[in-house]
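Below are the structure tokens for one structure; questions will follow.
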């Protein structure tokens, strides 16, 4: 895709954690990144690692940094990350305390391309809500946000957004079922929206297929296991219609029509 | 802290490991500041082959305790694509350039070396011998005789320095290095990755798309250091040491073990500027522990 | 979770790696509760030699990222001392006993195997081939032909199962395993340690008294798993997998890769009862992931 | 040596850190070891590791547990360790906070053999004071304690003892010079004392030589790099007149006359 890319300072820099709150099943971590650029673009990501005790967790991991979309960037240089603890890296980050050091490389990759104004549908699944937060800030109230969650405690993540429609797998909050049902209704209601989506691979694939069917333009923020985040290792490739592309330099946002499927092998979720 | 490798003047002894830094992609991510703060003193390209390659199916990465197993599979644009698109961009880097090549037969190797050697941007050529010869089936770089035959074939094709990259998956890397030296190689580099494997959690299937991959990172450092010391003792040509180097102390250890230069690989994934930090730490060590390096070279046989 | 190895019934598939647990010393430290809570299902002795050995000069240990390099050097009381003093005590353990032997020539090996096989306490014999043959200079276990000659010589001496312990410092451990199988070995075990080295901080001298040593621990796990999968595919006799096993998940992975049993080495240094914990974790995995093991064996060739 | 050995429960157990105070340049760490035996013997040691973040320090270490003499054992099951942060393992332990988990194996090895009553001279160098603390508690005020330290901030360690003579390298506290000078004076003053010593190898060697010269019985608590602490790895050997012995099962306390020298290769200090 030819989306926007704010370039990163060269090298890993150390910043200070300034906050770490729980938001339902997730954590919202604030970092004062004084040395980073003030204008990352929604969909771009950072490679994060704790300064202390990175490693030495379960099975002596984590060793490599981990990739996270930024959820919000504030004027004072504060970056916010929204994350779910699912393994040794996210576990360690979830336990960061204010005052601790965090290593950052970023912003990296290509963000969403908001293109010419128009209706926008932001579709998120679970922790995939993260990059939609800054995107909805940027697009304004015109953009509708549709989010799907596993359960009520996960759905608390929706509280970060001003206005949002929610679906949960168990119906405990909002609609019972998948967020793709909400999307289908919106698309059925007509209008030429662009769809921006982030979430687990099966959800992204459902969104991609739905949009392809109706010829609706869709941008998907994908995930794959990353070692470096800046194109060095060729490890993060996903198959596209044009062969493998490195998600860290040529993504993580890809246009739906570049993909045969959004289900990529070995994605972290 | 200037250095010299096979007659090429370097501003220092820190290289990148082939395939662990893509200067073209990094320039996209970090901009032209990359050129001002370039982390290596000599840039080694990712290994190229005659035909373009997509590389292995993902997943290609598996994190291990203190390391990484990768099964990248040498994706590259092929010789023609590399010469046309990548080489001019690599020529803009502020440091000398070494191109890494791999052939699946001696004819392919000859084609690669001849074509790459013609280009002015290229000062050195690294021969990545860690693949099976399609004619004989043996891993070229594990077998002294195969290595010698290949180097003898390539030697007359260029006067540019030829570096043989050794595989660590061999009973006697020292014997392979000796064979390379006798056949006319100008240097050897080691170690490449050690064959490794992981299963996808909760299944009995390999995690990596290619089934197996190569282990790198601090996990292999002591193994690499032993091989570098052994090979340095057995050959007269320079050795380039790598494998898990993450600090200036590690770099100093590899130099003390007999390496003429060192390369940083996996550590660059943790910090793109790791090469600069390691160079600074190394400089401080060499300054504080005066006489360290010369002592090291004369002590080689003590290791 | 009972198991069977070369006809010997075991209460489970968890062994110790030779040289990583001294049951006699552990009984001094922990008392007879050790016998009640014995952490392994089969006990493998430290490797013994014909003549007594002091072992290598200290220091013998170097901690690495997620592992250890050791240069212990096979200290032992020699065959006679072992048979007289240690074997009766090892006979008191609540599990079957395997004695590990190393000879510096085939005659020595024959002497060891014949003497050990005579003793009722001993149910299996492991041949540690990771040393240089004093006659030929090659590392016995890296060379298929040497391995075959040795096993052929030893095979007629006993009907007790002979296990060949493979060295990972070989180009093709699978070929060595095949040679061992064809010569009559009943099982192979792998991996032994990978040659490694470290320099004493701030010097250019080797840290270890012996110069180099062997790398073990989680750092080598992916390398070990790749070799275990490869060897298990190539031989019909059982394989005993080891190298960095620290959890039940690791043990399950080695079993899925084709091992018939697994051994715990360095992890026992972190927790003397690690074998018991790993057995419990493994049992839970096998219970939860029903059908896991049978699937694994039939899937061997998929690896 | 044939000193006392209290056997350890089999396996590594988890205990809770209940205190961590600074004592000059050192840390005094308290652990509630409810599952350990109440009667370790002075000179015995424990293998320690932090439950969390053991590993992931400098160069991804520590990986193995670290050996520490216990300094005091209290009736309620509290063990105290006195330590100096000199590397990744001791750094991590020095940062333990009350409530954190700590892994213990021990007590291990052979302790000092107080033998039949009589005069005792306890000689410590630096952190080597640790095992002398419980030994002096046991021997009572009869036993004289002589300690040497590098500097005043180290000499604060002497405050843990009821009565003690101190020497410092720089003379900032007590006598200027080595603790062996204090020992020489005591020995010159006559009396048949047994000497119990712990400290850095050069100090131990000076003590050993001095006692050998005068035919005074001496017990030395040595150190060597250990992986396991219970005889499994054969890594911790030191050369003695009877060949190499494993310090963890046949020491760490050795009789002076077993040794040619107390300077052992690769000791941590």
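Letters are used for the chains, namely A, B, C and D, taken in the order the chains are written, and counting of residues starts over at 1 for each.
Throughout what follows, a contact is a pair of C-beta atoms (placed from the backbone, for glycine too) under 8 Å apart; a residue touches a chain by one contact, two chains touch by 3 or more.
Predicted model only: the values in this text are computed from it and were never measured.
The greater number of contacting C-beta pairs, out of the two interfaces A-C and A-B, is seen for A-B.
A straight line joining the Cα centres of chain B and chain D is 47 Å long. Chain centres here are Cα averages; for chain A and chain B they lie 35 Å apart. With centres defined as mean CA coordinates, chain D is found 53 Å away from chain A. In chain A, 55, 59-60, 63 are the positions where the chain touches two or more neighbouring chains simultaneously.
Listed for chain B are residues 64-67, 217-218, each touching two or more other chains.
Taken chain by chain, the contacts link every pair, so each chain touches all the others. Across the interface of their complex, chain B is touched by residues 62, 64-67, 69, 139, 142-143, 169-171, 194-199, 201-202, 204-206, 211-212, 215, 217-223, 225-227, 229, 244, 249, 253, 256-257, 289, 292, 295-296, 299, 302-303 of chain C. Across the complex, chain C meets chain A through its residues 65-66, 218, 246-247. The part of chain D that touches chain C in the complex is made up of residues 5, 7-12, 49, 55, 59-65, 103, 105, 108, 224-228, 230-239, 243-244, 246, 249, 264-266.
Interface of chain C with chain D (complex): residues 19-22, 24-26, 28-31, 33-34, 37, 46, 54-55, 57-61, 63-68, 70, 72, 75, 207, 209, 217, 266, 268-273, 276. On chain D, the positions that touch chain A within their shared complex are 52-57, 60, 63.
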